[in-house]
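Okay, so chain A shows up in both of these, paired with chain B first and chain C after.
Up next, the complex of A and B:
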């Protein structure tokens, strides 16, 4: 960490060659600088509500709950329109899950990147030196086609669910219309896009619509110049992650050219940089709790309350601090009431990290043993259903309640073992690594051929080889008369969901359902199914080359165990895992029985011999790595109209309340494209409120 | 794509007195052929011989298969992007020819081992068949492969080549190294591996890397598997690659 230094207003106005140092300033200095340089930003001290009962700690035009892809986009958009904007985020840093994403940003409708690649042109800065990955006809898109695609009733996925049929139509129309301007908006805020390569899940089938976001490796990290150091990108050392990039950036050579790197860092950090530079204010370490409305189910939304929720390193007791500080307001009072003169925008994520709310969709997934993705990066406040809970309390309606079941990333078994935070491969060096303590061992689906999987009592429950298989994404292999993607896709054609095609494409494997089924250890009232374990021996390591060492596993966090005997392994798991509720009483018998199956060449319980070779678990030491279920997406959520206004139970917009991203339901679209466009729309209209 | 139907060569062979094709189909040959098909052909021509549109030609309903000599020649020599299988024995080639000519709705009749032997007598001999363990690639090639692998391939196959995607949005893919790779590709040739890779990978944009890079990636896969390098690089000659077979460490 470099020394923090103060800057004066002159520095701020003229900018600095070293943008990274520029933003590494004390919170107080940053706040002063922003307030002085951007006169419209008013930090009200106190004001009274019309009925005089509420003490307001802050007052701005637009208050945004959550600083992820929807929130940051909305913040910049509203700020561009002249509004004063305050973002409240529960985490210590900005970016939400956008920061750990792959940055695969599916928009379309004839957006600027589609046009650029169709023309075979490079980017304005000339970073892109590779030719387009998609042929011009695959990129020839328009808003009508995009709207048709994302409301296409005929499309079924490999789980025989229909991803688009139930989408909210007014919202989808607005989304399609706003895709091109959102693409341009992101480009205007330092986001650089690679060549388009395919379409991201839920972005429609007819055309290629998704590029990644990239930066170029260089000798300094400079968002405006588009460069990042190897150290900041996390590519200098394969076992280090930087505080700047919670996930090591990936090679983007084939989509840009040599020295290009990509992932959500190249999307989140540029937007954060732009927001801070434009004078958006941030209160971090603060959980959004409740909305304040004029009357319980009536009148305008006036503001919100938020509670201090510091993220503190459990080993050192020191509070984590954001990478950049400009615009941060460091207020540590317990509860703050924040008034929004124009509107509140809910962008604090979905419910994937809230087991009690998940229970509404799949009761077996109420087990808190299973987190959402990014649980270390985001902490317990990530995806905690705060927007849903607060809006329901003031009368909001919901949408897309069944759509959680129609995309494979909603919930699935991860093939990263040995860590609770099993979605990303964050390494030591990031401030939140302490919350996971191990990176995990990524074994792929094929790795499941190397072990047996057991439940909380030590019993096998499914064919391990099929356990991690997920129904395919919303993609359809073009194959003769069957539905295809790209130019092979015929929108609205009944044959897309003909019985014949469904029989052919249906690939649902029920491993996850078996994993969370009742077992002998399930106890009233919750009947939790409990944690899952991969059990293997030394031979498995010799076969696979798995690196069973720090940082991939940790002997401290309770997600990895090793012993010379199976009995002791079972004892260690029960004693050492935070969610072990019952002993693994069956583990020894299970291993003995399995070894008998291996000797006989047949697995009468799950017929695993049909899928892959079976290996005895016989050569000590023996190992146990946790297998995690991850709930990632939230497709059920708040109902919104085409302006991203939240709709109440009477079908009427709640005045002064908008929502975007994972908080919103009725839009089966995985990932970033939903959040950015909805944030763009919400920011546009929130700033126009009187 | 084959451009011609029953050929003059077939007629010549018949006139030489050895009947390559016959009406009856030996069930044992069909069984052996099915197993060989599953190992060597199915990956591209698919389980029902349907092929992959505009990538791998279908065998189901293909009139080219009516010409038994054509079938045997292509199995032995390869054709266009199809790798050669010169090391299959005459009885194995006969079994395969029987299988593809009489499956997927095809009814072109049987093929005899003696007939296959006669046809192959006119073709280039097998040549030296090597194993991947005979020092078939160079370290420079593998280094090049390591450099170009991550961006297009690591997304799904993982930078450790173990099928754990670098990109969390991607579905896990088959391992490209170590025991699992050797097992799945056991008995197949590097020619098959190169052709399959070039025609299908990366899935979003098959074939967009230079041919040399596909070869370098194969060298990287071998190096990661623990296969020792040699002094001569892998060649782009499909005949040559078709004679290098994948198998467990001797």
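Up next, the complex of A and C:
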């Protein structure tokens, strides 16, 4: 295993900022004596202290809220330009959702990896030994084509939504122009890219633009050498995740060659390593609350306030600690005021983890029973709309809020059952496993024919086998609704969205919408739809071989139950699930009715017999696994210009305030490509502020 | 114990407020009433308790909270009072799991002031119904041949913990005639804690098609009252199989055999073997054939089976959600 302090002080000194300068004002617990300089105050006009004074606990050039894909990229970029940088993050470790992402990083515009693969070349280190996955014409890209792709009005997806039409044009232009330099920037900071294979959702239909990030399995974890141990990668034991990699890394042989592994670990950890080495400082366990502006709706943004929000193991009472600690500032005071001499960059994520904010778009998903993806890793402060809330208080505008509904998989039903954090397959071994207690049972789409799905009162609500179906995203080469894709795609062609074509391509099943609909248990004032359950019997276990054991399920977390009878099962769920608000009073009748349908070979309620065989639920014991609706990510957010400056309600940039990633709206692109480039742009311009 | 803050008891109209007694009782303090729902409470089911205060006493209890206690005097929930229609007060509903013992239980409620002082007391009755019986029926053949013998297994359990060993059951046919009677055995079904079971030999009727018989768990001879429970026994009576359908399940892309795929030719069903092969004996007729199993889309075809026949099911992988769709 890698030593938690493997970035030693020698590494740190070179290129690091002056610690004395960093701590020029304020005193922090855990600082070294040399770093604890004279405490002091800075005079400032703030919206909260109209008398004109505020105590600043820290002062740096650039303060960044959030240490994920946008935040870390912005931090390194600003630090490279000579700025002192402090990142504030609510979690115990860095990386945000990037850390457990798939690392599928769609950029383009003729970036370095497109050019490399077009030439059939290997990477500089010679790790890549497989030929390109895409033909050169599919990689022949340029900024104009990329800009056209991501603003193409004519593309309509399989949900009859327009993924590109409503993107902010100035921001998209800047994004397209900065894709190639961002790719190079990431490569310069120890990120290694596989062969390009396809393009990510929202990244355009015309060209292949997305590789994964990889590391090579080796006998030690060495970011600079590009190696990682099997233990750190989580591949040494199929039922153990490492603290280094919250999601076990995947085999990347087909995109790189033997012994290559891929996922967000190969992206997040190198960036974190680089940032720490270059002298970026971090305050973890601290939620960003508010921005401090000279006047409530006028003047510069001076800094931010952040509250201590430790992530503590509920079983041991011990605070979690980041894998690496170099550059960490351990300050446990309740509230800190942090001044940004140049700028604040908001990169604290979106609002998918905030049921009240996301319900702005779909009231049925106000139910906190359903989390955002990666909730165990992120904790309750993840994707909590902090950037949106804070910026709105000082006059910021929003953009693309409706785009939450126009990405086809913003919310969906997971085929991983029996865990609250149903989006990832974290195993024991990671410090945040304790917050989920079960990995979940991955049944796949086909597994939905093995059970009936019931709502909080025990009633079926939809054809089960159609619940996990998801419409494809419109992307190269993809399975979205565009009539022509890749080289066959004609951008800006009206035929792409003709009514005849949309009728032909529409494939949305609306199963999720039935899942979160009002039912007999929905009560005022929220009318929550409540949790969902897969109900099955011992025969289903015998048919499928599902492993109903720890770590896949837990008898402690309320997301798995086993009983002698269906009546008992209903009671157990009601008593034991944290979001079970009403009894499953209909469950027994539902199962009896279902067994009658199976005997008759027909399901008059939902016509299951048209899609798949049906099985009786009869042989004890009986089982219930939670079915989770996941609001994956969010697309609406703060309105920004091409420099990623946050724009106010008058259309004017708010001085000293930038944003990137999911905090930003107006760009209906899924995943990392948006965050990294926006972080790159924001970091560039923030460092240039006077 | 469950606690929620839902607004309205399930069996009461939101606008219907109870008539309140306006006379103060000096021994009981400020008067109020308690409403419980539903009217008939099953053992271990949800009970919702709500306190109501008449307008003339609202002033005295404006900042009070109501504390509910069970029959043993143990506190089971507390709720603040909120404004109700016409100047009255009502508490937030308190939802709890009802006791298991049938009969009347003497609960109580206390109104407490902000400092914990007792402002009023009220006793109320919670009536618990007789114990239900859980009845389960399994190993029912998907198809039975007319006039042939077959077996089913049934299990009986009292959810409230009464031991169901030796409890009686009866099976009647679709005309209501008794076709079998018996008792559960001495040991719970493997893997369960209290499901007592029996295997019953039956003879299929001569009439073809779907028929519903009834299995009834009778009221046991037990000190605690129980409620009889019935369950339908679905029979699908068929003529003797005449032909054989041979199925070969293969991966459509690789041609590799798909082992342990489910072959369902309603009402007949089986699995493929390690070579992806299965055989199903059928009467002649028109059938829908499913071949399914992870990670494949279910293969489906419909047709007339007149003679022995073979079918190759080419199965396509159901595309899982990939990284490209999901993260990154």
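Assume the second predicted complex is superposed on the first by the 630 of 690 C-alpha atoms of A that agree within 3 Å, B and C clash if a C-alpha of one lies under 4 Å from a C-alpha of the other, contacts with A are read in each partner's own complex, and residues count from 1 in each chain.
As a convention for this text, contacts are C-beta pairs under 8 Å (C-beta built on N, C-alpha and C of every residue); 3 or more make two chains touch, one makes a residue touch a chain.
Note that the structure is predicted; figures quoted are calculated from it, not measured.
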Here chain A is shared; do chain B and chain C fit on it together or clash?
clash
Between chain B (first) and chain C (second), which, if any, makes contact with A:416: first, second, both or neither?
first
Once the shared chain is lined up, is A:544 touching chain B (first), chain C (second), both, or neither of them?
both
Figure out whether A:255 sits in contact with chain B (first) or chain C (second), or with both, or with neither.
first
By the touch definition at the top of the document, which applies to A:568: first (chain B), second (chain C), both, or neither?
second
Check the contacts made with chain A and report whether chain B or chain C touches more of its residues.
C
Per the contact definition in the header, classify A:397: touching chain B only (first), chain C only (second), both, or neither.
neither
With both complexes overlaid on chain A, does A:102 touch chain B (first), chain C (second), both or neither?
both
A:133 contacts which: chain B (first), chain C (second), both, neither?
first
Regarding the shared-chain residue A:613, is it in contact with chain B (first), chain C (second), both, or neither?
both
The clashing stretch of chain B against chain C, among 4-12, 58-66, 112-120 or 184-192, is 184-192
Can you give me the overlap between the chain B contact set and the chain C contact set on chain A?
101-102, 104, 198, 200-201, 250, 373, 409, 415, 423, 443-447, 449, 470, 472-473, 479, 543-544, 613, 670-671
Would you pull the chain C residues touching chain A in the complex into a rising list?
2, 4, 6-8, 14, 44-46, 97, 132, 134, 136-140, 142, 155, 157, 159, 188-189, 191-195, 210, 212, 231-232, 234-236, 262, 264, 266-267, 269, 288, 290, 292-298, 300, 318-328
Seen from chain B, its contact residues with chain A in the complex are 50, 52-53, 148, 150-152, 154-155, 158, 160, 162-169, 171-175, 178-180, 183, 202, 204-205, 208-209
List the residues on chain A that touch chain B in their complex, please.
101-102, 104, 133-134, 197-198, 200-201, 250-255, 373, 408-409, 415-416, 423-424, 442-447, 449, 468, 470, 472-473, 478-480, 543-545, 613, 670-671
Residues of chain A touching chain C in their complex?
97, 100-106, 198, 200-201, 210, 212, 250, 263-264, 373, 409, 412, 415, 423, 443-447, 449, 465, 470, 472-473, 475, 479, 523-525, 537-539, 543-544, 564-568, 571, 574-575, 580-583, 585, 592, 595-596, 598-601, 609, 611-613, 616, 618-621, 632, 670-672
